[in-house]
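Both complexes shown next keep chain A, but they swap its partner, so chain B is in the first and chain C is in the second.
Presenting the complex of A and B:
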């Protein structure tokens, strides 16, 4: 192998695939990055066996070849080089990669590319095209609700259902549930359901930041892998096997009390209350009631820290139904309010130990259910 | 469960005895039995393969074991040490999959369904695990694998010592058929006697047995046993993450007397314990203070609170009150520790759950404990 590319391209590529490099693994080669010539470009790839990231960068290819080298070492080295051309060469039957850039010259010992875990081709189970901005928004609105402990594997994933022209994302960790619908440009031929690890979608979301072109999402036929193809970057993730709980019946159909408030104010007051809730159990108490004779109603958000102090904040609210009181973990409230893009939001409930439902107003593509905390009022 | 699973059962070979032989080279190649002294009516906790050749088995009275193998070297068990090695072994397992279910210090089930392809098959994955356990601990592990727990466990046993046996998909029943029924987990001496009396000696015969007859003998478990004998077993690998307590302790380089240094260390330990509680989303009702005096006398004192807590100041306050009660002028300490016990999850703090307990319909498949 003998290739030349720009330092900034190689550094950027290594930065992208570096997110998939294994930290601790029984398979030492997974802490390496694969460098290979591929149809006139240079392909970089890394995998921690849960996800695999591949990235293609431009370069001049004098001689074809492939090798894997320690990812951290290579990235640290390349990042420190001046923005000039880098030549990578590998003499035949050797595993020593030579790098030459400006007045630096380095040799890095590698492992055979043939021993690198094969990144499965994912191509035969149907493809969808998704707008990158919408996809990024949808991921951000559900990903924080996925479980972080491994004891219930399906809940560490995000449930994706394709049906007709809708793609539905759902995540639940046992205390809260987030569901987001997304409109597809083209109708899907058949209903499909897969569970994608939340970690993989969080990585994808990061990659989507500077994407303009539609993202192609492809499953393999037996639904064990998913491929997200971006411009010059591909992410393959292992799908989680199992059945996602039927969450439709966890979303209450009715409410007894409903308050509509500005998202920004609600978030701000929740943050303030959480400062006081921090040393306690994170409990934030919400009460709301309608105003008399046409005056606006109000919502109070309060918290207290045992032996330290307390706080109560108030905001205008448009209240329907009975006056209500309900307590939540302040963290959970902040999580959901932070991903709603401004505007107004409705909080619906039927009682202090019944689920709280948060819906952005004038937008039925998102719903969030959060279970309250039981407190003595 | 959708699709074919790959389950491994990993079992360390003669674990306690092997750890002793590793740590003490003079014991290598010699029959070693780990257990209490015969005078104290000790029993064999583990026997090296050299001792097993003489018929020495776990749970034998030590006096009997030493009669069977007079040249055996008896070693008192060092459970702290085995626990330490066990943690290293489990960490190796966990580096392959988060889905590990430890059964004891020296054996665990691993669900590697998601990792199999990347490792180039179950056998290659198992080989890698064996090599890694060997590299980290210099000990041998036997690994069995297959589509479920029953097959994996029997396969690991069949290959011992230093074994590696993967039962191919579809070959489960044929693999099990010739084996004696005792090999099946869940069949103890009593069940074996019952089955033998009914003319059932091999797993293959159990697989063919009449369902009604098995049900009369074992109740509803009878049919389940027959399913297992047929190589069918849907039980999931269940990682247990339940911790009974969280503790933090410090051994001083020099003995310390009560004073600001000791108090400061106590608050630091309380802070550490509180932080670890919060990380695990747990709260503790019991706070235990542990003190070791300069003469190695060790005492613990506990306080139980009405409300579970994960707060540093609460834990530190309780621990300091306990210290105030026991400390005498002139006491010198070599160790101080704080343990938080009586743990409960976040739910106990009042956080309600999306799914009602025991709500089977909403529970993810193969997972009973939401």
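Presenting the complex of A and C:
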């Protein structure tokens, strides 16, 4: 192998695939990054066997070849080089990669590219095109609700359902549920459901930041992998095997009390209350009631720290139905309010021991359900 | 010996020696597609459980004809230990906790390692058709780990197979055993080991016979001994020591107990190997004393063993064997190594020094 590319391209590419390099694994080669020539470009790839990232960068290819080298070492070295051309070369049947850049020359010992776990090809289960901005927003609105402990593995994933022209994301951890619908450009041929690890989607979201072109999402036929193809970057994630709970039954169909508030104010008051709630299991208490004779209703958000102090904040609310009180974990409220992009939001409840529902007022593509905390009022 | 199970023909490419029932059950499970989600490989050490587990993993992922074909990419990668979907969970294997650093010196398989397994089984296989996770030795799972595994066994995820491998099946939870399909491995007849050593490892007949005798039915032990000269030396030393100790005073015995026991925390396997050799030594004395000299394994030492055996009662030898077995159990149960070995020494019969063998013959 003998290739030349720009330092900044190689550094950027290594930065991208570096996110998938294994930290701890029984296969030592997974802490390496694969460098290979591929149809006139240089392909970089890494995998921790949960996700695999591949990235293609431009370069001049003198001689084809492939090798894997320790990812950390290579990235640290390349990042420290001046922004000039880097020449990578590997003599035939050797595993020593030689790097030459400006007045630096380095040799790095690698492992055979043949031993690198083959990154699964995902091409046979139908492809969807998704707008990157919408995808990123949808991921951000559900990903925090996925479980972080492995006691129920399917809950560490995000449930993706393709049906008709809708793509639905759902995540739940037993205390909360987030569901987001996304409109597709084209109708899908058949209904499909898969569970993608939340961590994989969080990585995808990071990659989407500077993406303009539509993202192509492909499942393979036996539902073991999903591929997200971006411009010059591909992410393959291992799907979680199992059945996601039927969450549609968990979303209350009706409500007894409903308060509509500004998201920004609601979030701000929740943050303030959470300061006092830190020492009291994170409990924030919400009460709301309608106004008399045309005056606006009020929502109060309060918290108290035993033997330290308490706080109570108030905001305007449009209230329908009975006055209500309900307590939540302040952290959970902040999580959901922070990912709603301004505007107004409705909080619906049927009682202090029934789940609370949060819906943005301006669109019906998102719904969030939070279990209340049981408190002495 | 005729291969009784050859009729099904599925196991032609398996190279596990002598475990016909086990191989046949596994091979036909692969052939029929009726693979259980969890297996218990139970049988003595060094009888082919690990090899069978790896070949089962190969067969489940093989893309060639007559799995495991040993020629396709999948089979090769499993054999080389580089397959992304085949992992052995053992003492010291990694877990997902970033702050944990496991090492092979630990005593048990821990819950964090089982949690990693929990995560792995729910992921679709990466490069093959089936994920195979091997827990070995399964009896070293601590209580928390075993209970965590129980939960996984109750809701088996698709496209994955768990193999629990153990030589001390009775130490596993009943609830684990009842949720796995049992595959029994047995000790091999001496003749089968001798033949395998000659045919597959090209060992010359005399040495093959000797190793087969010493192996006590464990082909894997014979193969290791074949390649590890140090191990045989260590064994010779241990045998010489057993003879010497049988004739030495209590002070001499205690001195040795404290030197052997002192090294236990550093290298527990060495201590177990020494006790292995001692058990074989006393077993030979028992065989000679009860008139079955033909069954003794240390043929080259018969001249030295006979006069010792003549001083013993069968009862005394059985007592010695029992005390060695007790000491091993106490070592496993965390007793003070030196104390356990000293107690063992007390129970060994005291014999007269074996001068006969040393004196030059007239």
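Assorted remarks:
As a working rule, the second predicted complex is superposed on the first by the 377 of 377 C-alpha atoms of A that agree within 3 Å, B and C clash if a C-alpha of one lies under 4 Å from a C-alpha of the other, contacts with A are read in each partner's own complex, and residues count from 1 in each chain.
Here, contacts are C-beta pairs under 8 Å (C-beta built on N, C-alpha and C of every residue); 3 or more make two chains touch, one makes a residue touch a chain.
A quick note: this is a predicted structure, and the numbers were derived from the prediction, not measured.
After alignment on the shared chain A, the placement of chain B and chain C results in a clash. Contacts of A:244 after superposition on the shared chain: chain B is touched, whereas chain C is not. With both structures placed on the common chain, the touch criterion links A:107 to neither chain B nor chain C. Applying the stated contact rule after C-alpha superposition, one finds that A:117 touches each of chain B and chain C.
Applying the stated contact rule after C-alpha superposition, one finds that A:155 touches chain B and leaves chain C untouched. Touched residues of chain A, counted separately for chain B and chain C, are more numerous for B. Of the two partner chains placed around the shared chain by superposition, neither chain B nor chain C is touched by A:209. Of the two partner chains, chain B is the only one touched by A:372; chain C is not. Of the two partner chains, both chain B and chain C are touched by A:27. Within the three-chain superposition, the chain C stretch that clashes with chain B turns out to be 94-102, the only such case among 4-12, 94-102, 202-210 or 292-300. Counting contacts by the rule stated earlier, residues 24-27, 47, 49-50, 117, 120, 150, 153-154, 223-224, 238, 240-242 of chain A appear in both its interface with chain B and its interface with chain C. Within the complex, the chain A residues that touch chain B are 24-27, 47, 49-50, 117, 120, 149-155, 172, 174-177, 222-224, 238, 240-247, 249-250, 279-281, 283, 327, 329, 353, 355, 369, 371-375. In the complex of the two chains, the chain C residues touching chain A come out as 80, 82, 84, 87-88, 93-96, 98, 115, 118-119, 121-127, 155, 157-160.
Put simply, chain A touches chain C in their complex at residues 23-27, 29-30, 47, 49-50, 115, 117-118, 120, 150, 153-154, 156, 197, 223-225, 238-242. Those residues of chain B that touch chain A in the shared complex are 1-3, 92, 95-96, 98-99, 113-115, 117-120, 128-129, 132, 238-239, 241, 311, 313, 346, 349-355, 361-367, 369-370.
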